[in-house]
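In what follows, chain A forms one complex with chain B and a second complex with chain C.
Moving on to the complex of A and B:
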């Protein structure tokens, strides 16, 4: 028997992500995603041994530790219920904590879920800390990340249009994903490039929306995988890495924690050439320029070269390394769920269940999330076949 | 299952107000102390996990500041739960069970002093039906206490005796906030008097976990985790029997607590009446030493108090004053969510 139990993803469920789900409570929102994941796995609430839930700061809904109130809606009564919070990477971290329960053989079937109902509050001001915690005029995440994007452009010499190419691609990909929040049918590159400047160089169309949404997955051991009605995805590697927010020598453009996290995942999964061996990537790109930045950080391109992959169409749905075929965070951003959606979309690709945004023949896919001040990273690599042990 | 033990425990002196220090400044001495007890440095730790709450800190992502205190450079494998640190311990324990790490650092902290924690805790209730009424944590505990009295499970003198015993025990605990007995005082919310309620205060705690022989290297008498489990109950108080705690009983069963008697129990019972519920659920007889630290009635730094119960139980094993201990942590209104860990020392150590 292998030291660790191989972990399979046998069910995925999402809500249709929108700006405001006024028709459901928070409980209704999470239950909708959980029910769809159970249906996908042909399981019911009683089949679940434990629930692991994640979301970003509680201030986003104004409910402290909402998992206590959600215990009933999640079918968790009488079961273990864990609540993870690791900033923007939380959706990924939550899935990894759930996977650990199966890998350690503590539980056999685990429901994991992440959500955000941003319409209950205002995330931008929830993220804007009062003095003395933060200097004024650093409104929201865009104000924090724009200087790092400018540093990347200066360092790499990337043409100023690369960001708009990413946004144009992701918004078009979203048209193929029925669950995506933004469906901009009339989108053109010119519209992206002429949209208002929010945080120079990030334009309105290059930034993520505020969404209400939830994403759920059912994880199982080998026995559970053999009973699943659809092909499972197998976890080949998963890791989290953290570093401090600010310190002398911090590289905001390509943080060491991101590099270390990817290296750990590739080592576990036996990946030596990620560009060639990985068929699809769902990475956390809340502002367009983060696609070329993460392509370098994750080892898909040499330093300063990531933008060339974007510019040459490699990351398009028909390219040889499709990035965010779902439309990504740029098209859908229920913050606490965004990381799990990346992980789940990677799963859908290797299960050949991504529908109109399926990458043909995808066998290995990477799910990536990050958070805080580019300091928390979580990633997993999933495959169509079980891991070699 | 892999053998995993708690090899070190440290905590602050818990105080009514720590306004002169930030959360990081409060936490750092504890981190240094707990690592110092094992000779480990941050870079030696395989996995780090913490528990804390943004609603106490009053800002989003408050745990990121604490990470600065850990010294996460080079980058570390790290996670955080928005729960009491006892659940961070659970996550770290599972991580060690997978074999992905051999050591773990777990910490938790909470400052209740900046606000009115009694009111802050109302924000964790059902946001549509309950939170708008602002039923505070003492009022909800009082409902539970009254239910116990009405069912003949306890009475006010019995509750007063629990308060007296806990704070007398705390005389031997240099970290406790209330050391020595206090008058029961008047009613806060009937039938609970001042003495039945926990002190409001600030504090932090940390433990180090290690697996197998690594634990034996780091600690003369490791506190082996024989089992750990946690369970949650429905949120709505109206659908629960407040005089019982089926989630605690189930967690204890799963943790193996009933396989052999324990000699010591550290129960996270912020209110005297909740000790009555927990003793029943855990079938603790008179021979078991309950809360030799004084428990949450002597110091209740929210988010750390549950981890402190596990740490106190482990420390008793480390000292050799306990061979088999039960540690309990709770979260949510009226004991909604409960965790039970069973710790043992090896019989012939030292």
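Moving on to the complex of A and C:
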């Protein structure tokens, strides 16, 4: 018996992500994703041993500890129910905590879910709370990240148009994903490039929307995988890393914690050349420029070279290394769920169940999330076949 | 462990304090069950749900706590009930249901199996007891919210049922009220064919078939099926939340703030890595050791990176566009964040040399402006972005 139980993803469920789901409560929203994941796995509530749930800060809905009241909706009564919180990366770390429970043989079948109902609050407000004695300055996440984008452009010498190429690609990919929030049918590169500048150098069309949505997965051991009606995805590696938000020597353009996290995942998965061995990537790109930045941070390109992959079309759906075939965070952003959607979309790719945004023949895919002030990282690598033990 | 400052700070620095209020009008999408419940309150109707196990839950939930299945089986319960437990609140706070002292109560409404949390208007704790009969006092203006129930009020002579108009259906003495109240709930359960064991049988005589003609007011006590359909249903509510804090910034920040009051900018040097932190946090986040050595930095510095903010934040009173910049003050090992002015926003650049601009009575530099020096070379600040 291997030291760890191999972990399979046997079910995936998402809501149709939209600006406001006024027809459902938070409970109704998470229920919808969970039910779809169970259906995908041909399981029912009684088959689940434990539930692991994640969401971003409580300020985003103003419900303190929402997991307490969501136990009924998630069939968690009489079972362990854990909540994970690592800011924007939480969807990823939630899935990894769930995977750990199966790998450690604590539980055999675990439901993991992440959500955000952004319409109930205002994230820009929630992220810019004034603190006494400090000068109120910060204008939301865009204001926080835009200077780092400028630093990347300066450091890499990337042409100013690269960000718009990412946004144009991801919005077109989203048109192939029925669950994506933004479906901009008339999108053109010119429209992206002429959209208003919000936090120069970040334009409106290069930012993520504010979404209501939930994503769920069912994770199982080998026995569970063998009973699954559809091919499972297998977890080949998963890791989390964190570092302080601000410290002398922090590299916001390519944080050390991100590099270390990716290196750990590749080591577990036996990946030595991610650019060649990985078939699809779902990475957390809330502002378009983060695609080239993360391509470097995750080892797909040398430092200062990430933008060349984007510019040359490598990251397009038909390219050599498709990035965010689902449309990514740029097209769908229920913050707490966004990381799990990356993980789940990587799963759909290797299960050959991504539909119109399927990357042909994808065998290995990376799901990536980050959160806070580039301080939390979580990633997993999933494969179509079981990991070598 | 000694944390005596190496220099500068007095032994007992003045620690500033300030109120910090966090408040937001959160919105709630209700979903079908809560929508029916709150719309019902508007119509002076209290709805619960019946679970697969036959229990009637008030307030209603969307999913069965036992089977996890969706519940759509709405029932109407009475507007009078029995206190199952309580706590006296001698000092009501802002936003609580009553301004005068009151009891928090769990009320099991007639026909329900669970307690609804609300306020009971009573003259004092001596007037409250577990088992007492109470009824809803409806708010004058109702819009579909839990506050449509203004509070509960004593109804010691009230039998199960009725409640809101009260008085007309009393019978018997006070001694059997408690028993009657309990029995009504159980009897209702039996009537629905989902009864739990252990219900006292002596309530049998009070059971009323709600469908029978002339069943009268007490019929309301039985949990009758209800479609949950109302005209103009409430689908969302605004739930204002407010947190009141007293904020104290801590010793390191206080030293920094007190120095700013004298128009000095001070950092703290890590005794291990020797990096200078501005503003100081009292500890080095990389080395994990306390910092105490005070180091004067600036006042001049270099813009290492920035963005131009064109979008006005809800809670910021700054005209747009403005430049939000990272500024590495001379002598500091990481940038602080500040606004740049005194130069057209589109002429701000990386490497620009700046200095603070103080205003009368300001707690910190209002902004930074160009010094007129030549721009700093990229290599001098590339590690300080």
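The definition used in the following text is that the second predicted complex is superposed on the first by the 385 of 389 C-alpha atoms of A that agree within 3 Å, B and C clash if a C-alpha of one lies under 4 Å from a C-alpha of the other, contacts with A are read in each partner's own complex, and residues count from 1 in each chain.
As a convention for this text, a contact is a pair of C-beta atoms (placed from the backbone, for glycine too) under 8 Å apart; a residue touches a chain by one contact, two chains touch by 3 or more.
Because the structure is predicted, anything quoted here is derived from the model rather than measured.
Contact with chain C, but none with chain B, is seen for A:200 once the two complexes are overlaid on the shared chain.
When both complexes are overlaid on chain A, the residue A:25 reaches chain B and chain C alike. When both complexes are overlaid on chain A, the residue A:341 reaches neither chain B nor chain C.
By the touch criterion stated above, A:244 is placed in contact with chain B and with chain C alike. Once chain A of one complex is fitted onto chain A of the other, the partner contacts of A:97 are limited to chain B, with no touch recorded for chain C. In the superposition on chain A, contact of A:295 is made with neither chain B nor chain C.
Using the contact criterion defined above for the overlaid structures, shared-chain residue A:9 touches neither chain B nor chain C, since it reaches no partner.
In the superposition on chain A, A:265 makes contact with neither chain B nor chain C.
Looking at the shared chain after the overlay, A:77 reaches both chain B and chain C. Annotation: chain A residues 25-26, 59, 61-63, 71-72, 77, 126, 129-130, 133, 244, 247 touch chain B in one complex and chain C in the other.
Those residues of chain A lying in contact with chain B across their complex are 3-4, 25-26, 56-72, 76-87, 93, 96-97, 100-101, 103-106, 126-127, 129-130, 133, 239-245, 247, 255-257, 260-261, 264, 372-373, 375-376.
If you check the complex, the residues on chain C that touch chain A are 16, 18-20, 22, 24, 26-34, 61-70, 235-236, 239, 241, 247, 249, 253, 257, 270, 273, 275-277, 284-286, 304-318, 321, 324-326, 333-334, 337-339, 350, 363-364, 378, 382-383, 385. Interface of chain A with chain C (complex): residues 20-28, 31, 45-46, 59, 61-63, 71-75, 77, 117, 119-122, 124-126, 128-140, 142-143, 146-151, 154-155, 196-202, 244, 246-250, 252-253.
Touching chain A in their complex are the following residues of chain B: 1, 48, 53-55, 59-61, 63-64, 67-68, 71-83, 87, 90-91, 94-95, 97-100, 120-121, 123-128, 131, 229-236, 246-247, 250, 331-333, 336-337.
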